[in-house]
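Note that subunit A is present in both complexes that follow, paired respectively with subunit B and with subunit C.
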Partner chain A sequence: MLNQMLLSSVVEWSRLQFALTAIFHWFFVPLTLGLSFIIAIMETIYVKTGNEFWKKVVKFWMTIFGINFAIGVATGLILEFEFGLNWSNYSWFVGDIFGAPLAIEGIFAFFMESTFIAIMFFGWNKIGRKTHLTASWLTAFGANISALWILVANGWMQNPVGMKFNPATARNEMFNFWDVLFNPSAIAKFLHTITSAYVLSAIVVVGVSCWFLLKGREKIFAKKSIIVASVFGLLSSAALIITGDTSANNIATTQPMKLAAMEGLYKGKEGAGLSVIGLLTPGKEAGDKRDAFVFNIEIPKLLSIMGYRKVNAFVPGVEDLINGGFQYTDSEGKTVAALSVEEKIRRGKEAIASLAKYQKAKKEGDNIAAEGAESDLMKNMKYYGYGYLNSPSSVIPNVPLCYYSFRIMVGLGFLFILVFILTLWVAMKPAGPMPKWILRLSILSVPLVYIASQAGWIVAEMGRQPWTIQDLLPTVAAVSRIDASSVMITFFLFFVLFSILLIAELKILFGQIKKGPGIASNNQPSK
Partner chain B sequence: MDTTYIFLQHYWWFLVSLLGALFVFLMFVQGGQTLIYTLGKSEDEKTLIINTLGRKWEFTFTTLVTFGGAFFASFPLFYSTSFGGAYWVWMAILLCFVVQAVAYEYRTKANNFLGKKTYEIFLLINGFGATVLVGTAVGTLFTGANFSVNFSNLTNLGGNLTISEWHHPFNGLEAVWENPLNITLGLAVFFLARILGALYIINSVDNDNILQRTQKRLLYDVVPFLVFFLTFVICLLLKTGVLYDAGGNCKPEEYKYLKNFLQMPAILVTFLVGVVCVLWGTGKTVFSKPVYSKGIWFAGTGTVLTVLALLLTAGYNNTAYYPSNVDINSSLTIVNSSSSKFTLTAMSIVSIAIVFVLAYIFYFWRVMNRKKMTVEEIKSESHTY
Partner chain C sequence: MNVLKRVFLFYYEGFKSMTVGKTLWMIIIIKLVIMFLVLKPFFFPNYLKTNFDTDEERIDHVIKELTKPVISD
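Up next, the complex of A and B:
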């Protein structure tokens, strides 16, 4: 009992520490991903036109990029090593699959990024314009390729494919690299994440530019920056909607509990509607008689369409997934009855017991017994991770957190489309007063876009609790065996350090923005 | 025995060792950071040194990240055991690097919140802390650590589920005092980083005052480096290592590392050539007039060769590269800790691209360093550290 309590405490602190690092990391990374492309586009205009105005524009945004980049690198380093530091069992149990994308990310993407970023910042007087432009594009590609590999790894955690369990090594081993790389969850995750990062970057550029317009400074610079960023943002938003829809469709088949939590759907139904906005009943728990919502406005049938591409498809709710019994199509295309979580836990414990028998038989050199145990293990391997759980309710994520985070993400996403359209109109207007409310809304959108971006990750990661790897390894079995106090100390250490660095970053950023690009307002770019 | 699998395990130990060796070389940035106040007497000189080093900080950082990723992918049991157990020593190393990343970028920016001095202190923390701690941690590859590995823990429902367990309350920090050889290597790495930092500054800066000062300063680092490095090497050659047999059983073997060098002459030659290069590059810079500026290329190449040879001797020739001081049969070897044959094969195909990556890094490094840096150049730049 005491052992379990201590373990649980380490699990909680380890989760908190990982979440803290990931949240801080994600404050900085999306701007790097998108701004690098916006800068490359602006520099392309500079090289094409030869107009020094654009060079100054590029240099201003590059300064913002550099300030943001450094702290993103710092938090990323911690995140990579935390897989081993805090999740020791995880590192062995799936290291054979998970490690490869991480290594490829380092070899291909990080070196590309670090080599060309140095040229981008310090190469203006050392190499030709076109070579410099190439370096800027390669920096952007390097950053985005690094996102590809880490998101392939993350997508695999959400939907583990291309591997099989090897009882001799007590771990999962990769047998198909292409399955891992082209895992539908990974592709959807990558595309959705990078397009969201592009939207975030576009909003930052638009917001900062609107601040200049509000102050009556750097008007030409601001308007030109808005045009580039809002077109980039609009295109990215369109892609974001498509990739969001693909993600929802994926989640419905691979992580139905996450979808149910995102929708506050306790009881499943055919032709389920998508909740647009609602208030969840406080304290509502699976199995109680209370309604899930105090109020709920929904679009009829849309959840069934998004999840299963059928108007009247059955979408299982939290209680259906706990109790089982509903019909669904499995990965082989057969229609089968879903098992209850209780049954999955029973089968999972059988799988773990079979693994123990296998290990004992191997130790004793009894190959026949080992073969039998392996065969039993494979029958229940699908439910292996459930064997570490003790209660069916432990597979339910935090429903309110997932439900509200999802609405914040989607709602703000649509607001940003409006911001791009309005600001584009403002920037294209030849003359006349600019509506201040549009400028203010754009500035306000900057903190909002960070909230939306973080909310997206909260849905993705909190929605798959208690799993580190869906159905295979819960957090309780993935954690390192270290004192909770050690993790607690490093948690607060990181919290203080990252907070200080964030404050420093923001102060420097605001300082640089106030300083401005130093382009006189009458210095118009040549046509 | 599957010879292809064995080859792949050796190949990946080579790659990880190469990345480790390149990382030690690139720690010239850290070594140089500890010399900022010694070599830069005026604000201009200090800024010149910081900018010279700052343009390379990312390479060290990236190599560390790639080293971690490659180790995770090829030898995940090490990742699981060492990082999950020696928690504090790795955390301390990471913290030393976190403060470096921002220090360069924020140091001279307006409104930097903590002030210029604080960011310079960050650089010093990184310079002193990271070099000594990395060297100390690497020392445990030879001296061992306090862990055990038990795969059956995974089935221990209701009890301890963790495969790798650490058996010391200081979770890795004990490496600093438990075996003097670790800290000896840590100090050798520290002084080596300072030597390399000084040689890099000599190679990259066009400023007579700094060059003269750096040349004079070098000797103060060369002497302690030689003392610590030779102590480490002599102790290593006399040391008992851990040998594993075909069945995976481990046992102690006297003079294991000495035998490894003798039984693998190519590695011995690599080691000796490396040491000679380091001494040549350093010695020529210390004693030549005018100051010889290409010493970094010899000393850098020598560092890579020496560290590569040391890491290869730690893992090749049936040697446990991470001996367990608690349960000898838990010791990690390149056989029992590696990824599957499939994964190593897939990654080996990917690794062919490393040649291309190294080629473009080398090319652009040369392009950027073609002209030595001056105070005037820094003043004319729009982006400075």
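Up next, the complex of A and C:
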């Protein structure tokens, strides 16, 4: 019992620390991904028109980009420190799967970003306009390609493919790099993540510009920035909806429990509707007789369409996924009956026992017994992680957290579309008073877009609990045998460090925004 | 002027002419010093690298960890 409590404590503190670090890291990444493109678009206008006004616009947003980049740079490395100390079983088990994508990411991050960012910032008046513009576009592409490799690694954790487990080393070995790279989960995650980052960046540009309008300063600068950002934001929002749909379709196949949790769907049904807004029954548990919702407004059939591209497709709920028995199409296209979690646990425990037998046989030099154990292990390998679970209910993520986070993300996403339309209308108006409520709503959208972005990650990461690697390794088996108190100390250490960095960034950022681009009123863009 | 000198001067003059960038570089340097000279060696040693000398020992440890019963809830 004591061992259980201590272990749980290490797992929980390690998860909490990882969440804190990842959330902090994600404060900076999306603005880098999207603002770099907005700057490149603005600079393209400058090069095309030759108007110095646009150069000043570009320089202002470049300063904001630079501050964000500088404070955020290397914060992601702390996650790697945590892998090495807190998650050593996981790090070892993952093997070389992460090695290739992260090495490529490192090369891109270091060479592409650092080279082209330097040209972006130091190259004014030293190199030609077109060369500078090329550097700006390459900075944007470089940052986004860096993100690709990280998200390929994350996608593999959500849907492990392209590898084989080696029982002799207890590591997964990559046998098909292209399967890992073009993993549907990785592609869906990458596209959805970067498009969400573009929306975030567009909202930041719109929000800051609206602040200038509200203060009656830098009106032309603000309006031109809004036009570029809101058009960019609208296009990105359209792409975000499409990539969101692709993600839902992918999750239905690879992580059906996550989809059920996101929808508060306990009992599966054919022609399932998508919950627009609802109130989950407090304390509801799988298997009890209570309704899942106190109230629920849904769009009929939409969940079946999104999940399986069929109007009347059966979408399994939490209870179906635990009890099994329903028919589904597996990865090879065959229609099969789903196993219960209890059966998966049984097979997972057999897999773990086979691994132990393999090791024992190898040490005793009994190759025949080792081969037999390896064969048994491979038969049950896809359920390996279930062997660490003692109760079928362990596979249920936090349903209310997933359900409400998903609605916060989607609801705010639609609000931002409205913000882009309204601000574009305001910016395109030739003259006349600007509705202050629109300006205030846009400014308020800046913190809201960060909440939406973080909510998306909460859905993605909390929705896959209890797994660090889907079906293969739960958090409880991934964690190191270390003292929980050491994780607690570093958690608070990070909390202080991150808070100082965040305050520093906000102080410098607000200082620069207040200073403004300093564009004289008579220096207007050409028509 | 050779290429290396031009590259050096490009960066040198770029850093020299920075305004807000100087503060940012200070923050970056302080952050990296804290991360790599304090956090990494004192608070985040690699568990498997520091506790075991060879890969064989690491394999044995991880397999022992992975094959012993773990209670999850």
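Quick note on the criterion: the second predicted complex is superposed on the first by the 522 of 527 C-alpha atoms of A that agree within 3 Å, B and C clash if a C-alpha of one lies under 4 Å from a C-alpha of the other, contacts with A are read in each partner's own complex, and residues count from 1 in each chain.
Definition applied: contacts are C-beta pairs under 8 Å (C-beta built on N, C-alpha and C of every residue); 3 or more make two chains touch, one makes a residue touch a chain.
Treat the numbers as computed from the prediction; the structure is a model and nothing was measured.
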item: Room on subunit A for both subunit B and subunit C (clash or fit); value: clash
item: Which of subunit B and subunit C A:M378 touches, first, second, both or neither; value: neither
item: Which superposed partner A:E173 touches (first subunit B, second subunit C, both, neither); value: first
item: Subunit B versus subunit C as contact partner of A:Q512, first or second or both or neither; value: both
item: Touching partner for A:N89 - first (subunit B), second (subunit C), both, neither; value: both
item: Which superposed partner A:L415 touches (first subunit B, second subunit C, both, neither); value: neither
item: More subunit A residues in contact [subunit B versus subunit C]; value: B
item: Touched partner set for A:P466, first subunit B, second subunit C, both or neither; value: second
item: Contacts of A:L444 with subunit B and subunit C, given as first, second, both or neither; value: neither
item: Which of subunit B and subunit C A:F121 touches, first, second, both or neither; value: both
item: Contacts of A:I241 with subunit B and subunit C, given as first, second, both or neither; value: neither
item: Footprint overlap on subunit A, where subunit B in one structure and subunit C in the other make contact; value: 3-4, 7, 63, 66-67, 70-71, 73-74, 77-78, 81, 84-86, 88-89, 91-93, 118, 121-123, 126, 169-170, 352-353, 355-356, 359, 388, 476-477, 480-482, 486, 490, 493, 497, 501, 504, 508, 512
item: Complex contact set, residues of subunit B against subunit A; value: 55-56, 58-59, 61-62, 64-70, 72-74, 76-77, 79-85, 87-88, 90-91, 94-95, 97-102, 104-106, 109-114, 151-152, 154-155, 157-166, 171, 339-340, 342-343, 346-347, 350-351, 353-354, 357, 360-361, 364, 367-368, 370-371, 381-383
item: Contact set on subunit A toward subunit B in their complex; value: 3-4, 7, 59, 62-63, 66-67, 69-71, 73-78, 80-81, 83-93, 95-100, 102-108, 110-119, 121-124, 126-127, 166, 169-171, 173-175, 177, 349, 352-353, 355-356, 359-360, 387-388, 476-477, 479-483, 486, 490, 493, 497, 500-501, 503-505, 507-508, 510-512, 515
item: Subunit A residues within the subunit C interface of the complex; value: 3-4, 7, 63, 66-67, 70-71, 73-74, 77-78, 81-82, 84-86, 88-89, 91-93, 118, 121-123, 126, 168-170, 352-353, 355-356, 359, 388-391, 393-394, 466, 474, 476-477, 480-482, 486, 489-490, 493, 497, 501, 504, 508, 512
item: Subunit A partner contacts - residues on subunit C that touch it in the complex; value: 10-11, 13-15, 17, 20-21, 23-25, 27-28, 31-32, 34-35, 39-40, 43-49, 55, 58-59, 62-63, 65-67, 70-73
